[in-house]
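Below are two complexes that have chain A in common, paired first with chain B and then with chain C.
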Partner chain A sequence: MALREVIGQERAVDMLLGALRKGRLASSYLFCGESGIGKKMTAVNFARAINCPATDHRHGIQDDEPSIFPADIFPSPESASPNADAGISGLDACDSCESCIKFVSGTHPDFLMVSPEERQIRIEEIRMVEESLSFKPFEGRMKVVVVDDAEMMNPAAANAFLKTLEEPPAASVIILVSSRPELLPATIRSRCSRILFSPLPSEACRRVLEGKVPDQALDIITRLSMGRPGLALSADLIAERDWFFELLGGMLRAEKDAWSSRDDMERWLDLLLIFLRDMTVFRVTGSGKGLINGDLADEVKRLAQSLEVKGIIYIYRELSFLKGMLMFNLNKSVTWNYTASLLRKEMAV
Partner chain B sequence: MSYLVLARKWRPREFDDLVGQEPITRILKNAIAQGRIAHAYIFSGPRGVGKTSSARILAKAINCKEGPAPVPCGRCESCAAIADGSSVDVIEIDGASNNSVDDIRDLRGRVKYAPSGGKFKVYIIDEVHMLSGSAFNALLKTLEEPPPHVIFVLATTEMRKIPATVLSRCQHMPFRRISSGAIRDRLRAISEQEGIAISAVALGLVARAADGSMRDSLTILDQLASFSTDISDEDVKSLLGLTDFSLLLQVSAALIRGDRTGILGAVELLSEQGTDIRSFARELVQFFRDLLVASVMKDPGDALDLNQEELAAVRGLAAETSEDQMTLMLSELVNAAADIRGSSSPRLALEMALIRASFLSALKPIREVIEHISRYGVEGCAPSAVAGTGETAVEAPAPRAPVSRARAATGQANRPGQQPVAQSCAASAEGPVDVLDAWRKAVSRLEQPTLSSVLLQAKAEVKGDELVLILNGGHAELFEESISKHLRPLEKWLQEEAGRKLKITTAVSNKKTVRKRDLREKALKEPVIKEALELFDGRIVDIQPVDDTDNNENGGDNV
Partner chain C sequence: MKIVVSKEELLAKLSNIQNIAEKRNTMPVLSHFLLDAGKQGSYIIATDLDTALKEPIQIKVEKEGKICIPARKMFEIVRELEGDLSCEAVDEQWLKLKAGASNFRIACLPAKEFPAWPGMEDKEEIAIGAQVLTEVIEKTVYASGESDTRYTLNGLLFHLTTDLKLTVVGTDGHRLAIIDRDVEGTIRDEKKIIIPRKAATELRKLIDKSEEKIRVTLGRNHVLFTVGEIHFLTRLIEGTYPNYEQVIPSGNDKRVVVQRDAFNKMTRRVAIMSRERSNAIKMDLSPDLVAISSSNPDLGEAKDEIGVDYKGDALSLGFNARYLIDILEAMSAERVIMELQAPLSPVLIREEQDGGYRCVVMPMRI
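Then we have the complex of A and B:
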């Protein structure tokens, strides 16, 4: 897959291709935007485009330096990517050379991906990155390091990374990927070229999901994913919603808590917030248009009936505050009971 | 050679390149010229304002073969070596990676060797705030009295993490944020030399987005240059995810008019366009600030960064609302922007926050409410009267909120509930006041503090030859026996004090004492107050019984 094929992030892709075209590759990037919208995928493909020998950028190895690859091994870029338009060919990855194939199989020696372990990126990992960057690229043009969920770097790791981020060794690119860039220290943010990613417009989101989810559910899933196809691809949103309703029913019938983990709680509260938002939209517009749970308009209507908009907003605020407190290890059954009493009191069910 | 980003390429090479830090460059230049170079400096300030650059320039200036000179020559081998980072006499240490006490011990071991080529050995410790506590302490002795050929430069973004003992051994240079004007001028000079075509408006936008940091601005400029040859303000907006003015206007208008359907439509549009919701929330705050400025100032030209057309639109919208309302909305939006920033689903958070804020559009400005009240003559201007009656009720408590938030709430006097009772009885008593006075004196002769306080709290009334003590229910039961036991001496003392004989009788008050807690509960049950509190996250600070006689239907609420 090439950069051009990333759907719905035209602005970001244009910017990256522009940097390749002009040979103005920054030494460190920060890809930021909500989760599940293609940041990491773009980063990997960017690394591929940088290293694909079929491309012709002005960065990296100088023109007069002999390539370590015999030129005829690789098909020319034109034949490799027939559908790429003329302005782009020669910049984007070809998808068929040895380098690109190694990327697919995850064995490219000049590519390194760091992700948090146990919700943290520690200083050891950053040191490892620094060490790996201190060597020249093994076979590609540049060493590329992707740090996923970069906001999970603990303070020691983030500070240790600063000097490298500002002045990395030659022929290397560092890409930080973060869905919560505001949690990164300002000193890190200031050293990176920031590339903004935004949730996909529904049309683009639909295009991504087409063929990957059952056709009859495409509409619903597109809406439920809220422009974040990554979410829809990593989990069955419809089943998740069924699970949510099952638990909501249980909660309103005063059953015992049924969450199994903290992630469960977080996801469930997310879904509840979406549902509350839908109820608000319904109360405001009086129609089923614009609902995220569009297919469940009747259900939304039934529950919204007994509530004022102000009441819904009150619950919404209480719960989003509660959700913010989750990281402090809230007691599961206390949280459950609190939520239940809040809903029962206000909803009069 | 691979491409060097602008921020690195245009790193200042001498003190005169350093923008916006004139006081510091002057101190350093003079120190070098006069040969009064301190042995330890600490450079602090926000990111990207020139701390590390200054440290390197300083190192260059004092080690220059032609120098020490305030302006390093930039050609001699020492200058060249420092510029490409290969000098052996300038040691740049990453404090965050080498933060243990062992690293510092190692450094102390090396400090004593004389410089190899230059005159000084300069140790630059960047991110010094990350040193461990024992590392800092291990450094202290060396920092205070280093060998004569050593100069330390510590650089940090977090001044408060530096121990006072370190601070007192160094000359402190606080770097400031760079003004957006200075950034703009520097950007213009750089883009001219780099052959980047960029419009003046776009430069201004970049300078503002950089938020006082030169490096940030150059990073943005670099990105812009990579996807456009002729940079317009549209490009900058698209890169930074800034919103169209017209869309901002549309959302604000919907908010002020309380048009909730309009708000939802606009947010839908925003997300379809791929606007960054978080920066939109920030811009909306800025927009309301502009609205407020436009309505407060007669000639806001300088204070606002808007063109004529935009200014006219802002003015038009400001005329639709009042300053009170805008202030309220602004503070709502400031809170909302913080919520949205932390939310995992900013779009949802924005929608809910805007709808919540839209309820403020129903509020009337306090001026109108007061006019309303005076026109229709609501009896008594106590807030409770307003809160209790019909239509004005909805309007009255809410506009009060900003007033009380400013801690200008009326009635801070914290009188206990019973005191007014005693006062009113004093005023309304038939008998001469001195009888009551005498009663108080008589009670004070009683050597039983508990009993005497109970007696003083009781309401005393003079009826002919009788002094009637009205005790509240609890007291009457509890103290019945001891009162009757002391009744005789009390009567005697009273006679002595008052000069006439009075019979003391007791009665039980059947009126419940008004307690603050009860009042608070009552007030909280009042739908109007409840709504006001919920809407503004308010709380009841103080409740004052308005009048003893009207059975305290409503306490005045100070939210």
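Then we have the complex of A and C:
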């Protein structure tokens, strides 16, 4: 897949292609935006475009010493098939050469992806990155490192990375991917060129999901994904919503807490906030149109009947605050009871 | 792919690549080697992404093809087999191996997953005698850094000038070894390339068996050494090597000439009682005599002395014994010269005859 085929992130893609066209690549990028909207995928495809031998852009990062050679004197011999319709004026990856194929199978020697293990990126990983960057490229033009969920770097790792981010070895591009860039140390953020990604418009989201989810559920899944198709592709949103309703029912019947992990809590609160939003829409418009859970309009109506808009907004505000506190290891059953009492009081169940 | 190969041939070629095919790695394909069987000639290739090795192999090719075979397992299997082996690839996923009544089926990977052998088109070529190359590596590699965060130090600098002088430098920031030798060929302009330490030691092992000249092909990102039929390629380290000329002391006026072997043995003896991590020893110079001592509060003390040629004032310095021993063992002359100035200024050590090999070591504060 080429950069141009990334759906719904035209602004980010244009910036990256522009950098390639001008041969002015930054040495480190920070891709930020909500999760599930294609940051990592764009990063991988950017790396492919940088290294695809069918492209003819010159790269802006110069060696320390000027070289008498042209920038790309070592195209891999077997993969140098000139791209007949290089399409986007020969900037984008061709998708068919060996270099591009190796990115798909994850075996490109000049590409490294680091992700958190046990919710942390440790200093050992960063040292490994630094070591691999210290060599010249193996077969591609530039070495590309992607650090996924970069905000998970522990302080030691982040500090160890500063020097490399500021002065990376020649022919290297570092891409930090983060859905919560505000958690990164300011010293890291200020060293990277920031590329913003935004949730997809529902039309674009629909195009991404088309053919990948059952047709009859496409509408509802598109709405439930809230512009984050990655979520819909990695989980069954409908089953997730059924689970949410089951737990909500249990909560209103004063049952015991049923979350099994912190991720569960987070996802459940997300769904509850969406549901509160639907109830508000229903209270204001009085109709089932414009609901995200459109197929469950009856349920929304039933629960919204006993609520004032003011009450819903109050719950919404309290729960948004609660959600922001999740990373501080909230106690599961205390959180459950608090949420339950909040809902039961306002709904007067 | 379908081939027949003798056990001895395959075993010999596989033993060459065992150090290069990685055992612990994130990319599974790197623990494999690529067998490229062609009617015009067959090769096996192994790489750990820092270095790569390609060697021809004599096999009878019945059907051409390529496949990635796990290097370690294949080596273990071949070692235990007898006679000729016939191998056949199945769907690029399996290798059927048959020798006499023994049958193996080995899980393999498709050839296209293997890293491409980097092309080197615009290149320059020089030739170095096998013994010279061995020498320059052996005499510098001990001084180079190991997993230093100043990553340029984790390699050897090969500095080539247009008049075909080669200077090889290794340093870890505390000591430095530098050797000058001549090479043949032509190069367009001065070159400074940094060869990773691991590649240098691996290369030294390969040359061991060779007598002839070694062709060295210099590219922008790689260097290729052709040792007989074997192609050994290494990726270069990126960055600028520290200016080594700057740290070689020139005004050291105190000159000590010592018997290398006796001095080395004495240092080794005394070092036994030095502190474990620092290896610190104390060297007391007086006219025509040098005494070395060490002490460790937990263990005790040691002292030894030897007659030398020295005509200056008395002087005391501290050294890391390991650094001195490394240098003395890398040198071959009967007598070596130490040039010093002050207790904390760098010391230059060189052989009495060969002015082309110099070592610098920083004294310790004692």
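As a convention for this text, the second predicted complex is superposed on the first by the 320 of 349 C-alpha atoms of A that agree within 3 Å, B and C clash if a C-alpha of one lies under 4 Å from a C-alpha of the other, contacts with A are read in each partner's own complex, and residues count from 1 in each chain.
We take it that a contact is a pair of C-beta atoms (placed from the backbone, for glycine too) under 8 Å apart; a residue touches a chain by one contact, two chains touch by 3 or more.
Not measured: the values here are computed from a predicted model.
For A:N45, select first, second, both or neither according to whether it touches chain B, chain C, the two together, or no partner.
A:N45: touches no partner chain.
One more residue to check, A:M226. First (chain B), second (chain C), both or neither?
In the superposed model, A:M226 contacts chain B only, not chain C.
Contacts for A:S105 in the overlay, against chain B (first) and chain C (second): which applies, first, second, both or neither?
second
Quick check on the superposed pair: does A:N293 touch chain B, chain C, both, or neither? Answer first, second, both or neither.
It touches nothing on chain B or chain C.
Quick one: name whichever of chain B and chain C touches more residues of chain A.
If we count touched residues of chain A for both partners, the winner is B.
Please work out whether A:V281 is in contact with chain B alone, chain C alone, both, or neither, and reply first, second, both or neither.
First partner only.
Looking at the overlay, what does A:A171 touch: chain B (first), chain C (second), both, or neither?
After superposition on chain A, A:A171 lies in contact with both partners, chain B and chain C.
Could you say whether A:K136 touches chain B, chain C, both of them, or neither, answering first, second, both or neither?
Touch status of A:K136: second partner only.
Look at A:R191 in the shared chain and tell me whether it touches chain B only, chain C only, both, or neither; answer first, second, both or neither.
Only chain B; A:R191 stays clear of chain C.
A:T55 contacts which: chain B (first), chain C (second), both, neither?
Neither partner.
In the superposed view, which residues of chain A touch chain B and also chain C?
127, 130, 170-171
Of all residues in chain B, which touch chain A in the complex?
Going by the criterion above, the answer is residues 1-3, 5, 8, 46-48, 94-97, 99, 126-127, 129-130, 157, 213, 215-216, 219, 222-223, 225-228, 238-241, 260-261, 264, 268, 271-276, 278, 339, 341-349, 351-352, 355-356, 359, 531, 534-535.
Which stretch or stretches of chain C touch chain A in the complex?
Contacts found on chain C: 27, 29, 49-50, 112-113, 115-122, 147, 149, 151-152, 154, 188-189, 196, 219-222, 235-240.
Considering only the defined contacts, which chain A positions touch chain C in the complex?
On the chain A side, the touching residues are 64-65, 67-69, 73-80, 98, 101-102, 105-107, 109, 127, 130-131, 133-139, 169-172.
Contact residues on chain A for chain B in the complex?
Residues of chain A touching chain B: 11, 14-15, 18-19, 21-27, 33-35, 58-60, 62, 123, 127, 130, 142, 155-156, 159-163, 166-167, 170-171, 179, 182, 186-187, 189-196, 198-202, 226-227, 270, 273-274, 276-277, 280-281, 284-285, 290, 309-310, 313-314, 316-317, 320, 324.
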